[in-house]
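There's a structure below that I have some questions on.
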Amino acid sequence: MARNGQNGQGAISIRNVTKIYDPEGVHVVAMQDCSFEIAAGEFAVIVGPSGCGKTTLLNAIAGFDNITAGEIYLDGELISSPQKQIKPNVDRMVVFQNGALFPWKTVMENIIYGPIVQGRMKKSEAIQIAREMLNQVGLNEIESKYPEELSSGVQRRVEILRAMINEPRVVMLDEPFRGLDAVAKTVMHEFLMNIYCTRPRTMFFITHDLDEAIFLGNKVVIMTTRPAQVKKIVCVNMPWPREHHILGSETYLGLKKEVLEAVHEEAKKAFEAGEREMA
Amino acid sequence: MAGNNGSGALSSGNFGEVYVEGVTKIYEKEDECQTVLQDCTFHVQRGKLTVLMGPSGCGKTVLINLIAGYEKPTSGHIYIDDISVVGPGRDRLVVFQETALFPWMTAYCNVVFGCQVRKVTKCEIKERAELVLKKVGLYEFRDKYPSQLSGGMQRRAELARAIINDPKILILDEPFRGLDAMTRQLMQEFYVGLFEEVGRTNLFVTHEIDEAIFLADRLIIMTFQPGRIKAEIEVDLPRPREFRMLASPRFMEIREQAIELLYEEAAKAFAAGNKTAYDLVGAVVARKGICKKQA
Amino acid sequence: MKKLKKVFNIRVLRGIISIVIFVGLWQLVVFVKVPYLKNLPYPKEVALDGISAAGTKIYWLNWEISLIRIFIGFIAAQLIGIPLGLAMGVSRKFKDFTFPVFEILRPIPPIAWIPIAILFWPTRELSIYFLVFIGAFSIIVINVLQGVSNISVSLKWAASSLGARPKDIFWRIMIPGSLPSIVTGMTVGMGVTWNVLIAAEMIAGQNGLGRMTWEAYTNYNIPLIVVGMVSIGVAGYLCSSLIRWLGERAMPWKKRF
Amino acid sequence: MNYTVKEERVALNRPKLRIIDPPVFRAIIGILVFLGLWYLLTAVLKLPRFKLLPDPIAVIKEWVSFKPLSGRSLFTKEYYLDIEYSVARTLIAFLLATIFGVLLGLFMGWNRIFYDFTFPMVEILRPMPPLSWIPLAVLIFPGVEIAVVYVTFIAAFFATVMNTLLGVFSIDRNYFLAAKCLGSRPRDIFFNVIVPGSLPFIFTGLQIAMGLSWMSLVAGEIIAGQRGLGYAIYEGSSLYQYEQVISYMFTLGILGYISSAGIRAVGRRLMAWEARRRGV
């Protein structure tokens, strides 16, 4: 059911990745021998206990940080290994956990920043495209506002647009909807689904919210607690675009039960390990 | 997660109930009046866990401050049992958003603060504090400062600080906000276990729909600007609650019902040109689609 | 071996190189006679003068005198400033009455008080204490005031619903809650205080580190001027470190693990 | 009950119409009490030591007199000449300190290696109080004018550098990562992230720097100056013109206040996003 992205690009292959943090001699194994595949244009959702190394994996793919062992490939090209690390670039776009819209730039300036520094578009051209995108999602009146004047839900949507305008091969979102309330969250899901259907890209989506994971994903990857490995991969075979009434369906509840059991077990382990560590 | 010894000593079993009757709260700011709460009436039943839910900024916290006695309603009355609320008191303890642990006191000192200022004898304090700290699983961490505790531990310390005083009513204002979803789930289970054991009157405020349904005996849904009571839902999930219920059909049914109510409000706010309406643009669209399907 | 590697990592090395470069530049600047800067003494001269000065009793006496002045003026400022700031923070009315007067006097640079201080106080020593006091006073008041008003209202509410009386709230919430800003105020105040003391000693003093530097100037003894400056720098640094150390001890909750 | 509750009630029951707001009223009372006390102590009670000080009325008389005893009042050319000298010195020193301090701070924050090399030097020179430079500055530089400006500069410089550096370090790491993701070169990051991101701290630093430069200026003028407000204060005191001394002290206070208000205003203009957040 995976929809193919632009030219079928954006397949990620994670092979035996290990990451060890070693600041001042404290040996922390964040990930050990972690492998899985994300097909081109697939919506992959990564869930797992906090501090399990999901963000570590994201950093490695994005090129912010290196890995201790293993390889990561993007469309067959090696992008990360202990020997080689391809720098962050526009083909892998990240939407950050706490939001990283530049507060000193207006919404419009934020969105057109990418194409302009890359020298890919003229300013007027970029503005026109950005306007179209804003219009399409019903946010046309906010282009001259500063991010901090907007509610966090709108900030998030602008940030996703800022990423999409660069036409990346992979979009990585690190718990983008954390802290939003139920209604705002459903709006965000609707928005993201709209974006994904009109501009299909490979999605790498980290979350803690299981409803969100199953509702949005083609593939839910459940990670174990530290050191992170793949515990289970659950495929969600429900047609796109999805609507909220599927939340009550038999298939959905079955999937949720499956994911819930697996995640809860890991969360408990992580919690107990954390408690032991503090003592 | 915590020891299960001596639950009887945790409480004298003297619990209260809250009546909120026609409460309105208006803030005046430089010739501008803002109605935060309008004619709120509801009842927090004795020995039940009542959850107050509404979108962020709907005046839930103000309502809590009124019940706790930190602020006065512009009109209307609040009664605890039969006594009108005039100021803060030890019969209603509040666990605050984020955390209101005193950062300069250790976990132990925080927990015993209330007893100390009331001049309870030293050995009684010690005995009770040990019991409560063990109960919440913080006995080994009693000499740590709040900044040295993890988020989950801070919340438990705060719970301990409240229950050691055996309040008639325990009020929790989004106590698990800011925790990540996994820890949050575990804290909810811990908290609900604590409630089921003692059966104290609890008023729990949250904007998280899953949290609300998972915990509640009774769910009160508030509207947005001005805050009003929109609906009350009886949550008939069996007790003791456990996490598997999150995937039960009944849970999803109540969830759908609650979201329906919230959407209705969102659409109204959007139609009224509300400030935060941008968040709701999609909500209305999404709703229309779903209604079509159901019809 | 590993430990040694940790201490002498690249960044420490750069720091050492940086200081070597600094001394080298200084040497070079004097050696090639850069305009103006050619009047500087060579680093070696300064070092030698410093060593010989450190052998004299009078040098250490100057240290003692300056330190005593700093401590008297500074402590007086804290003793008066902290309660004043607390009172302003706790009582809205008191703040309304006093703050405007304070705001009128605050922008006057402390050193501009010199003539008035000399006129008013019967001895030179007292007027120097007074100037040091002025230097630290307004900063501590402002910081305490800020500290008190930054205490989260939910802490006060939490305390009051746990049964605390106003007295308990003052002693157990307001005081520890404003401690971080008190320490900040003291650290900043200490910097200003040394500045003021040096000026006061140069203008009105008969001894002390500032005066020592000034006399070196009147005798055209440039190496000794630099020795004086370095001594003042070290003294100021020691005082600030002392306050930071005290602050850490007084606020164990700020330390993480 | 406790006072937090009472305060709340006071705020709520405030009647709407009032000629003077109570805080303003109290402020006026406070200032009047201060002046009254000053007058009482110096002119009426004539307490020992206090009687040496001029009373407020004498000060104001001297300040607005057409023929002042000291030759310096609101209506004399001398007064404005003094102001002009002091303001010019402060302004030059402050601008130089801003240019060099901000640039140095930004580069130190931008480039790790540059930081490692320069920071120790800054740390060696920084603890020396600016005023301790006076003798050296007077001897090294030709003419007192440069020496006074230099001392004023030093005071402002380190405060600016340190705050700028703090500002760069305060920028959330995510902004750098996001900028890299969007395809920025280091130069783009410098202009689009580092500069705007550290502006709030830079302006805090400039405010502090302004206060310090006025202080150093006065000391510099007293010790080494010819002309200027500080010099006039010292001269006034040696001629026993204490009324003039006090009027000059207040003049300095007013100038200090105006200059920091000016910096705040510029800051607000440059940081529109901050102001909008506060809802101004």
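By letter and in written order, the chains are A, B, C and D; residue numbering begins at 1 in each of them.
Just so it is clear, a contact is a pair of C-beta atoms (placed from the backbone, for glycine too) under 8 Å apart; a residue touches a chain by one contact, two chains touch by 3 or more.
Please read all numbers here as calculations on a predicted model, not as lab measurements.
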Set of chains adjacent to chain B and to chain D: A, C
Between A-B and A-D, the pair joined by more C-beta contacts: A-B
CA centroid of chain B to CA centroid of chain C, Å: 48
Where chain A and chain B are represented by their mean Cα positions, the distance between them in whole Å: 31
Shared-contact residues (touching 2 or more other chains) in chain B: 69-70, 88
Touching two or more other chains - residues of chain C: 157, 160, 164-165
Chain C contact footprint on chain B (complex, rising order): 65, 68-70, 88-90, 92-94, 96-97, 100, 102-105, 113-114, 117-118, 145-148, 161, 165
Chain D-facing residues of chain A, complex: 62, 64, 87-90, 92-94, 96-100, 102-105, 113-114, 117-118, 145-149, 162-163, 166
In the complex, chain D residues that touch chain C: 2-5, 7, 22-23, 26-27, 29-31, 33-34, 49-50, 52-53, 113, 116-121, 124, 127-136, 138-142, 155, 211-212, 214-219, 222-223, 229-230, 233-234, 236-237, 242, 245-246, 248-250, 252-254, 256-257, 260
Of all residues in chain C, those that touch chain D in their complex: 10-11, 14-15, 17-19, 21-22, 36-37, 39-40, 92-93, 96-101, 104-116, 118-122, 153, 156-157, 160, 164-166, 169, 191-192, 194-196, 198-199, 202-203, 210, 213-214, 216-217, 220, 222, 225-226, 228-230, 232-234, 236-237, 240
Touch list for chain B against partner chain A, complex: 1, 55-56, 137, 140-141, 149-150, 152-153, 178, 180-183, 185-186, 207-210, 243-244, 246-249, 252-253, 255-256, 258-259, 262-263, 266, 276, 278-283, 285-286, 289-290, 293-294
